[in-house]
Amino acid sequence: MIGHDVFLPTSLLVLCVGITVMLAATAWRRSTSRSFLTGMGTLLLALVFVGHHTGIAPDNGDSLFIQDQWANYTAILIMFSSMCILLMSWRNDANDRTTSLVDEYPLLCMLGTLGALTMVFSANYMPFFLGLEILGVSLMGLVTFRHRPAIQGYEAAMKYLILSGMSSAILLFGIGLAYGVTGSLRFMPPITIGNISPALPVAATIMILVGMFFKLSAVPFHMWLLDVMEGAPVPVAAFLAVVSKIAIFSSLVRYFGTGNQSPFLNDILYIVIILTIMGGNLLALRQTSLTRLLACSSITHVGYLLIAFLCPGRLQSGAITIYLLAYTASTLGVFATMSAFATSDGPDGTVIAQWKGLFFTRPFLASSMSLMLLSLAGIPPGIGFFAKFEIAATGVEYQRNLLLGALIIGSIIGLYYYLNIIRVMMSAPSLPSASLNRHIRPELMALVIVLTVIVVIGGLFPARALHPLLPVSAIPSDTETEMTMR
Amino acid sequence: MPVFSFNDTLLLATILFSVGLAGVLIRRNMLFMLMSLDIMLNAAALVFVGAGARWHDAAGQVMFLLILALAAVETAVGLAIILCLHARGRPTLDADTGNLLQG
Amino acid sequence: MNPLPALVLLPVIGGGLAWLAERVRPHTVVPSRNASWWVMLATLIVETLLLAMVTFNHPTIRTGPWLEHFSMPWIPTMGIAVRLDMDGLSLSLIWLSLLLCFLCACLATRQITVKAGTFHFLFLTTLTGIIGTFLATDLFLFFFFWELMLVPMFVLIAVWGHEDRQRAALKFFMFTQGSGLLMLLSILGLVITHDRETGVLTFDYFTLAQTHLSPTLSMLLMLGFFIAFAVKLPIVPVHVWLPDAHTQAPTAASVLLAGILLKTGGYGMIRFNVMLFPDTAMHFAPVAMGLGVVGVLYGAWLSCAQEDIKRLIAYSSISHMGFVVLGIFTGSRMGMQGAIIQMLAHGLSAGALFLIAGTIQDRLHTRDMNRIGGLWTAMPRLSATGLFFAVASLGMPGLGNFAGEFLVLLATWHVSPIIATVTTVGLVLAAIYALRMVNRVFLAARREGQIPLKDLPVRQMAVFACAMIFLVVLGLHPQPFMTFSAPSPLSVIGVTGQGEHAP
Amino acid sequence: MGEILLPLLILSPLAASLILFVTAGRMSAYAVGTVACVSMGLSAAISIALSILLLSGPATGIVQTILWPWMHIAGFSADIAFMLDRISMVMILVVTIVGLLIHIYAASYMRDDPGIARFFGSMTLFVASMLVLVLASDLLCLFIGWEGVGLCSYLLIGFWYDNPVNTAAARKAFYMTRMGDAALLCGLLLLATAADSLHIGTVLAAAANGQITPTALNMAALFILIGALAKSAQIPFQTWLPDAMAGPTPTSALIHAATMVTAGVYLIARLHDLFALAVPVMALTAVLGALTILMGACTALVQSDLKRILAWSTISQLGYMFLALGCGVWQAALFHLMTHAFFKALLFLTAGAVIVRTHHEQDIFRLGGLHHTMPGLTAAFVIGASALAGLPLVTAGFYSKEMILSGVWPAHFRLIHELMLSGHFLWGMALLGAFLTALYIFRCVFIVFFGKVGTTATGRTSRLMTIPLACLCVLSLCGGIIEMPTTFPPLHLFSALLDPEASHSHADEPGWLVLAGAVVPLAGLGVAWVLWGRPSPVMCEIPGQAAVIRFARTGEGIDVLYDRLFVQPFRFLTWLTRHDILDYVITGTGRLTRTASTSVLRARSDFLGTLTLWGTNGIRGADRLLGQIQNGRVRWYAAWIAGGLCAALAMAVLS
């Protein structure tokens, strides 16, 4: 049921145009920095147009896209993150630019962003699926951009390809089942009608959920994330941790809505959340690589987010909103600091031990890194503190005692490994390295400062980020009427 | 009127899907894993076709086309990556050996 | 203009200035030209003036027991506001904090040479957290400050501490933060319950105090608070972070930890356990008192076996804090007052002892009592001071600690003579550990190969003398402090309305 | 007038102490001594003035001043308040006058010590604390002084801290008294709970009008008694006092003989109304006192250290006071307290002078024949010894001891229905004690001052030291005539002073009592002379000589008999007391505490460590498991995904 409207959020359009231009530019004359600049410009333009759309949405909600506050909010987050990531990778020394041009890199980034935005705005399985795959395939490309040591990037990409293909298959199978049951591709859980056994819609929902869990890397489906993030260049890891997660979480919320979930979903979510929080945290304890640790941390944060997702109520919307913001800002901050830390010849900051004594040699970086990590751990004055507070509030409001227990234990374990990094930074520097006093690239400096300011200001004055943005229910309440019409 | 009922299609698709899944799980050769992935994707595509037929809806066929495209893309990218891996010195196509990323 | 926000924010702003000052004018070899130190001193002086203004603005109690009130919306959707209220209890504890900060400023922080600006910044930020904790009457704000003060303290310990600093810092942070999370749950539980009951989502202390809770829920919520405060105070089974943290922290941080940070636990117990859940607290009192006694004895007992001066003092702190718990949970005003006096006195005596230990360590580069000795000949002034504070901490009548301990014991005797009798054993043990320290450190024969030492200069003695005078006044004339800090806590429920409307 | 003088009395030594501590050794020795002596003189003058003021008033009049409220709170109130009545008047006179004399003496004695400022600072602080103790009208206020004197005692015993023995002795003293203090504190808490105040008048009134239950009253009295016993070094707390002799001699004189150790006596005397209601405790007091007399005397008999003899003698004499207190004749106890302060201070100071001039030789067997070189000191010591022994009529000790004996005789305690404790028995013990007292002190006199010449003495006793000695001699001789035994001319100044209303005639007292009291010390003196005093050199108990030769040389065998009868059992007893069981218990407890706490520490760390280890192992195991799960194989990951999918499907469909 594809309506013949042209309802389209303008941002998508802008991005498409921008990507086309970039493609054309590649064909014409290759230049890395022009490519980056075009990408940045496009993203900026898309950000400006984020509230706009072309065409008129059909009344029955049968459009391909939907644009509401929630979508806009996550779109802004995604585009902002993409800009940050582009900035990080612009002159990233980890991208070996001596051997080849990397003007595909921004192009792939833009494509990924486009995919993410498509997911966010989609109101139909079709754009959702397209967006998911655009994002996924561009990520495969992006992951391989690591040149030093290159083989790990390829290995990561290979793993990602196979596993994400598998999860896509599962997701698609689920969508197919749902379509088969309801006959509609609307982006909502299937509801049993007619003579089809009730197991089918349930199975469909589960398969879709599993597909989403894979992308979200919730715990038994999380394993790819660590390897892929470690294998990927640092900015791409950030992309994986932030952009793709926000997009998929946004879709998850849109798909399942914010109300009470059906009981079988509840049970599964319960288990998955606990597994995710505990698994992510425990896994983080043994990591020596910072990117892997951040992968674990992002797994854990997904678990926390899911708590809020599972606790519908007055506080839910605000909690999810602020938590997404907190997670985005803090994680990006950490990655930005890592990028700033990396040198072309020295350590690239992916191993925790390399950060030893940073507090003495490069206090600015160390301070901002500590602040970001503390924010991730949920300690004032970072925004993460308030975010975790809100999550806990939703849990308490809905009396999810088990989940709260997991939250507490997880937070304490999390505290340990976050603090451990800070501890390493504070221990006395092992060697008085002369190369340590390099100045940081200005755009990264600016980025780190901006993110720090966001984290602190957001932590001190979180009220503005608390607007109820979530869709009240996934699709307006005329669902049932439509169902009966059919 | 479809010759096969939706349920039959579904059964076939499920079998195909399981075969593909089993292939991914069992085969160690990356090429075969890619092929198994294709089988899984095709199983999903089959469901769409069947469902489209059931509801007399074109959307199922559209999805089928999209899935085909996806399968093609995955294979293409996958092969490219395998080539690269090989070029960078990974000796075999065995997915279980020579993993650097773990732990 | 309301002075409360200024009171809270001033230290952190001053800290920022101190940090900047060090950036502008990097540290020189001459300590007196340490710019950040001067900024910090100036900040403290301004803060003191401000506090003095607040104090002497209220010769008589104006509206109810709450001296000052400040309210400003913060996160309206959650019912969170910046609510600051000051009563005698907070005021006296803030005075204590400032006094100790002066002690630190004059005696300890000046020796910091590595990144002095950052040190002072963190030091003052901790102060902000502490003062905020003492003033906040919005539960969220309270929690915010509660957590906030941990971070700079963690850094202080981890960067400027002694040999095993990082493990200690980590332990400190994990324990206090972890227990803080339980308190968070309790706060939220209370708020949500209140919300369900009345439909008003608020974190206001006074409003929440009127929530009707079922006994079980009330007990659960109170336990959440209690555990957090128990860790901070600390009470025996959860005290294990304290000896390490106190031992490894740099001198100034030790003083801050022992002198004030522990008091936030006691303060919290008074304000958020006994006041918010009076009935439940009474039900819980036997357990809490038992824990208090165990704390008194256990802390003193272990203190007797320590070889490390700072560790000895740290364990003695546990012992003293046991009295505070005991006093708070006797449920009588007398016990509460005793606990408050004990907190003030312990802040001074333990803080000063840590300063002395720090001074000794600065000069001898060891804290091991086996390697220190006979300091009296070399440093008579320091030794006399040390003796004074050791004697104070063993509970010499006429000094502040005794006044507190006596009131606590008396209140306990009213409740249970047996507990009180058992607790007096703690006093004997206190004599043992305090004199053991005095004997080994100050009075023993001189060790071989001891380097010639410099005694405390007169200026520093004057600072110590200040603390001594306070202790003596607290011990001999605690009445003003008692009336001063008394009325507010116990009449919270009665003046709920007035607290809100106070200008 | 009195209201102003009362705080001034305390302030004077306190100010001196502050000055001395604050200047911390910057003043010359001379200046230090001057400051201390002047302040003491001032307070002595003030106390005399106050006494005159008090005596000129009505018989029951008191001087009272409330300085400021200390703690006023619902259910309890205490003030910093002082009160001078006749009991405390006696005490302040003793404290300030004896204190002044000792300070003057010490100014010379300690002249060359580098720590003189610390010494006098502690001494004056001690006097201030003692005055607080004596004058407090509130038991809590009294407790300030109580602990304060303990602290000063600690500081002074460990004054020469270079020697670990001294500091150990100091700590021992403090710990033992601290135990008593804890008990005392419990007693105070009990009383405060019952009476809502610790004002002495209030407490006594509450006790009198039955506001306190008998059990509580007995318990409180018992607690207070324990405190007093510890402070006054009575059985079973006696062991700290001999060790306390490690301090400078003036300290021993002032603190460990004349004043501080009598604080327990004073406290019970002050609370005599309360104790009178607690009969079992009174009996206990009396019995312990009597036992202490004998134990102290016997031990003193076999000591060889001059100062330790005096220390044991102090314990024994304090036993007399406790006996008197237990029998309800607290006036006698106070009287003996006063005379004891005089003669014991005299003895100690003389001993100190002797020790200084003989190069710190304290072993009596190495001294000897000193009357040749120092006749003045000999005279002083003999006077002191006579007073201690209570030689009839001419010494102060006789009168006070006589008063105690006559007070003990009629006492009786009905403990349980059948069990009666008669005063006659206690009287017998006290009398035996008096005999032993004369024996041991004259043994000391004969060995040290007469007999074979031991060490050579050098120098002269300075004038500054002789003046106090002379004053104390006078006091020791004449200080007792203000109170005569009943059979003598009825002169009862002291009793009348303390207790104007009571009648002082013991009509039922047999006349031979006084006689016995007078004869027994003389007998003791005689025996001592027989044993050690006769000019034959072998009579000095020379260690290492064969018993036969000794028997032959002395030709008497009394020595042997004495050795068998007294010395061996008493040596055993001494051995017991020297290596005291309680000492063992105390040191043992201390060691046990240390060991146990160390082991608890270890055990705790072990236990917690094990727990932590388990926890860590568990986490590490889980961690390793997670690591193995995370093995980097795509197929394995895919299997997990498939497994997860299947599990979820199964859960959803089957549920």
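Labels for the chains are A, B, C and D, by order of writing; each one numbers its residues from 1.
To be clear about the criterion, a residue touches a chain if its C-beta (ideal position, glycine included) is under 8 Å from a C-beta of that chain, and two chains touch if they have at least 3 such contacts.
The shown structure was predicted, so the numbers you read here are calculated from the model rather than taken from an experiment.
Undergrad: Report the most central chain, judged by the distance from each chain's C-alpha mean to the global C-alpha mean.
TA: C
Undergrad: For chain A and chain B, let me know how many angstrom lie between their CA-based centres, rounded off.
TA: 25
Undergrad: Using CA atom averages as chain centres, what separation in Å is found between chain C and chain D?
TA: About 39 Å, centre to centre.
Undergrad: For chain A and chain D, what's the span in angstrom between their mean Cα positions?
TA: So the centroids are 79 Å from each other.
Undergrad: How big is the gap, in whole Å, between where the Cα atoms of chain B centre and where those of chain D centre?
TA: From the centre of chain B to the centre of chain D is 97 Å.
Undergrad: In chain B, which residues are in touch with two or more of the other chains?
TA: 21, 24, 33, 95, 99-103 - these are the residues of chain B that touch more than one other chain.
Undergrad: Quick check: what residues of chain C touch more than one other chain, meaning two or more?
TA: none
Undergrad: Would you please write down the residue numbers of chain D that are in contact with two or more other chains?
TA: In chain D, the residues touching two or more other chains are 627, 630, 632, 634, 638, 642.
Undergrad: Would you please name all pairs of chains that touch?
TA: A-B, A-C, A-D, B-D, C-D
Undergrad: Going by the contact rule at the top, pick out the chain C residues touching chain A in the complex.
TA: 74-78, 115, 118, 140, 143-144, 147-148, 150-151, 154-155, 158-159, 166, 169-170, 173-174, 177-178, 181-182, 184-185, 188-189, 191-192, 195, 201
Undergrad: Applying the document's contact rule, which stretches of chain D touch chain C when the two form their complex?
TA: Going through chain D, the ones touching chain C are 21, 24-25, 68-76, 80, 118, 140, 143-144, 146-148, 151, 154-155, 158, 161-164, 167, 170-171, 174-175, 178-179, 181-183, 185-186, 189-190, 192-193, 590, 593-594, 597-598, 600-601, 608.
Undergrad: Considering the complex alone, what residue numbers of chain A touch chain D?
TA: Touching chain D from chain A are residues 158-159, 162-163, 166-167, 170, 199, 202-203, 205-207, 209-210, 213-214, 220-221, 223-224, 226-227, 263-265, 267-268, 271, 279, 282-283, 285-286.
Undergrad: In the complex, go through chain C and note every residue touching chain D.
TA: 240, 301-302, 304-305, 332-334, 337, 374, 376, 380-381, 384, 387, 391, 396-398, 402-403, 406-407, 409-410, 413-414, 417, 420-421, 424-425, 427-429, 431-432, 435-436, 439, 443-446, 476-479, 482
Undergrad: Would you mind writing out the residues of chain B in touch with chain D in their complex?
TA: Interface residues on chain B, with respect to chain D: 21, 24-26, 28, 33, 95-96, 99-103.
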